[in-house]
Amino acid sequence: MDLQLALIFLQQGIASGLVSGSIYALLALAIVIIFKTSEVPNFAQGEVFMAAGYVALYLFVFQKLPIWIVLPATLVAAFLAMALFRRIVLDQVAKSAKDLVYLVIATLGLSYVLKGLVRRTGFGDTPRSFPALVPTDSVMIGQASVTILDLTILGAALAVMAAFFWMFNYTKMGRAMRAVGMNPKAAQLVGVDLKRCHMTIWGMSGVISAIAALLIAPKILMTADMGSIVMLAFAAAIVGGFSSLPGAIVGGFIIGIVENMVGLFISSRAIVLAPFLAILIVLVIRPQGLFGGKLTIKKV
Amino acid sequence: MIVTTSPATISPAPRRAASATAIAGLVIAALVAIALPAFTTGYVIYIANLLLVFVVLCLGLHIVIGETGQFSMAHAAFYGIGIYASALANRAVDLPYPFAMLFGALVAGAVGLFIGALALRMRDIYLALATFAFGEAMQWVFANWDSVTNGPNGLRISPARFGSLEILSDKQAYPFVVLFCVLMIGLTILISRSRLGRAFRAVRESEVAAMAMGIDVRRTRVIAFGLSAAIAGFAGGMFGLFQTFIHPDSLGFQTTILVLTMVVVGGLGSIVGAVGGAIVFGLISEVLRQAPQYQEIIYGGILILFMMYAPRGLFAFIGDRIKEVRRGQ
Amino acid sequence: MASEPFLDVQGLTIRFGGLTAVGGFDMAVAKGSIHALIGPNGAGKSTTFNCISRFYTPSEGRILFDGQDITRLPARAMAGLGVARSFQNLELFSELSVFENVLIGAHVHAGRSWRDAISARPAEIGEHVEHLLERTGLADYAQTKARNLDFGHQKMVEIARALAMRPKLLLLDEPAAGLRNREIAALDRLLCELRERDGLTIVLVEHVMQLVMSISDRITVLSFGTKIAEGTAAEVRAHPAVIEAYLGRETTHA
């Protein structure tokens, strides 16, 4: 490969990586906000993303509802599904078993139920495509070719992240969430409604996943297995340290770029290995992740 | 307190009732297992063989989840490593098949130790995630390492040999499968009762206390993970006793979830639960084969419902209900 | 009392971030004695305790046990050296039986031979565990899950488990907290017996003055991370700095 081509590949890899990375970053953010507050890695995050995509597909393509109804309806559905799962299922699990293992298994159960449900509806049988709402014309940035849709995805994802950060850092609700993340018992003592706070966080995590699904849906063929990209989001979260919100986002972009580079420079068959290799490298070189702090001492 | 105060203890009766139910079930299962070949068809024997392989897979997962309280989401991968490694060893050298099985278990165990040692450098949640990623990666390797695994075409497994005896049918394999399954149950019980098993449980219950007792927490976790991977690899070798073909598609996350569901249904933390769960849920999933479109919903639903209402598993749940009924009379 | 201290804490300083929790703390514990570490809440007692048991690492200073520098050893090495500890907030293996809890206490002794290592009840160790259960009044509860015991018995399991390590030095973190008077009296008897009959050296952090004053050979008083007094029960009780530190607090629980 000559240098000229390598440079073009490099630019293309970064541009495409930022676009797919923004989706991984959103999903990683959704995973990390739950982990920070519930200490549960939600293995159903990918299926929530997938199911939200199908809800939008059903409403928009099959029911032919206008987009200004489809978008909020999808987000509300994702919020409710996750909030209710937290409230009805996980609160009951936490009541009957103290160990975190049980909560994690319950999220695995949810992932299977969602996947099975989508397949049952019949929409999940064949790959479907979601119509793009913005033009897919190409534009050149440097020597990389991207579409208007790509730029919209990146822009919208960044806007969602900014909105979430503002909420998390500057509103009363965000303060309550941070308090729960640091010390749930103390947060409860100062008047945070723990159950409601958890429901809100899980709901928001659902909304963020749904937004990711709505953004990426026009670019991919939808199948009931599309939730498996969550692996890349988990990798992103690990790269970022798993409990850092900025870490999740930076990790998402890193994973997106690495994935595209592997595809361009090595082989598209090897893309599947990218998340595993990324996790492995982080575990070897910097196990606490890029943004993860030192482990705190457990008080005894 | 040495003067005995009111003993606020709950009697061990529900546990006893639970294990009585489970043991009765196991005895029946054992009798059925012995009598089986006499009056059934080859297909039933095939299912029985497969079920016993899953019993061993469940024992492996039991060591890591049940005893040590940590996650492995790559059990299908270790199982697969065991299948390929023992099949290839069996083809390469002319030794009795158990050597190939041991080789499969060793390779799986060594890979398990390596992954576990890496992942456990950080908090235990990384083990779940790293093994999840590892499982996906291994399935890719099985499907793409053409020169070794024959890639997506699947690998033909040559018949297992015991000296001059060549195993060509499910019925012939059955007594060996039963034997190896019983051996693994015995081994798991031995480990669980031993000093190492106590260390596993100590780590599960309280890391700081385990440390104060002189237990190397990280090393104990890595050992549990490696041991669990080796047992899964051994199950892979058992699979090669009666199967003639392996395809990467059957070594995905679905299989890991199936084994996890079995252990959960039987009850996390008890060997009886792991074995009973494999048998009970193995039979259920065989019935579910009639309705594949509901399979995922049912697996997922079972996981959720058990976690919500019967986290200690089916046998403990039944035992508790029996006790309630008795108390009601 | 031996002239050479059995446990020697020299110039212990522990900082968390910019905050000095304990500064330049010295303490010498004589072999075969019961030495109490007391002080108002937040004085740094538990932090010091966790340093000695090697769960925290001090920023400065040395800890010598039986002449050996243990300042940098990992916590899991303590059991092998003969230093056992209990936990203030109970760290029991709650899903396991009382017998198994105490048996795991003997972990470092249970691997002497292959037979022992694979046995569910290594012969000599099993007897020792039963003997300990007798002594701590837990014999009737051997097969009960630890989480199903009442609080007083759970505290006793902590001590029995620590004793199963066959320690030379026993570190107890608030063993009497939350106990009823009758239970405190039993604990008092047990600890005195361990000193007299077994020659055990005991260091305890404790708030229950009734127990501290009755059993301690020596008492060290910590306030705001520094030592303000040391001596026998009578000396400490009369010490002006101690009275000052405890002002407004009861010095004795009746």
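Which chain is which? They are A, B and C, in the order written, and residues in each are numbered from 1.
Keep this in mind: a contact is a pair of C-beta atoms (placed from the backbone, for glycine too) under 8 Å apart; a residue touches a chain by one contact, two chains touch by 3 or more.
Given the structure is predicted, the values throughout are model-derived calculations rather than measurements.
**Q** Taking all protein C-alpha atoms shown, work out their mean, then name the chain whose own C-alpha mean is nearest to it.
**A** B
**Q** By mean C-alpha coordinates, which chain is most distant from subunit A?
**A** C
**Q** Indicate the whole-number Å distance between the mean C-alpha point of subunit A and the mean C-alpha point of subunit C.
**A** 48
**Q** Could you work out how far the Cα centre of subunit A sits from that of subunit B, in whole Å?
**A** 31
**Q** Centroid of subunit B to centroid of subunit C, CA atoms only: how many Å?
**A** Between these chains, centre-to-centre, one finds 41 Å.
**Q** Among the residues of subunit B, which are close enough to touch at least two other chains?
**A** Answer for subunit B, listing residues that touch two or more other chains: 208.
**Q** Please set out, as single numbers or ranges, the residues of subunit A touching at least two other chains.
**A** Those would be 300.
**Q** By the touch rule stated above, which residues of subunit C touch at least two different other chains?
**A** 55, 87, 91
**Q** List the residues on subunit B that touch subunit A in their complex, please.
**A** 65, 69-71, 118-119, 121-123, 125-126, 128-130, 132-134, 136-137, 140, 144, 207-208, 257, 260, 264, 268, 293-304, 307-309, 311-312
**Q** Which bits of subunit B are touching subunit C when the two form their complex?
**A** Against subunit C, subunit B makes touches at 1-10, 12, 190, 193-196, 198-199, 201-202, 205-206, 208-217, 269.
**Q** Which positions of subunit A touch subunit B when the two form their complex?
**A** Touch list, subunit A to subunit B: 35, 39, 41, 43, 89, 92-93, 96-97, 99, 101-106, 108-117, 119-120, 228, 231, 234-235, 238, 242, 269, 272-273, 275-277, 279-280, 283-284, 287-288, 295, 298, 300.
**Q** Which residues of subunit C touch subunit B in the complex?
**A** The touching residues are 53, 55, 75-80, 84-85, 87, 91-96, 100, 103-105, 107-108, 110-111, 116-120, 122, 136-137, 140-141, 143-145, 148-150, 152-153, 155-156, 161-162, 165, 179-180, 182-183, 186-187, 189-190.
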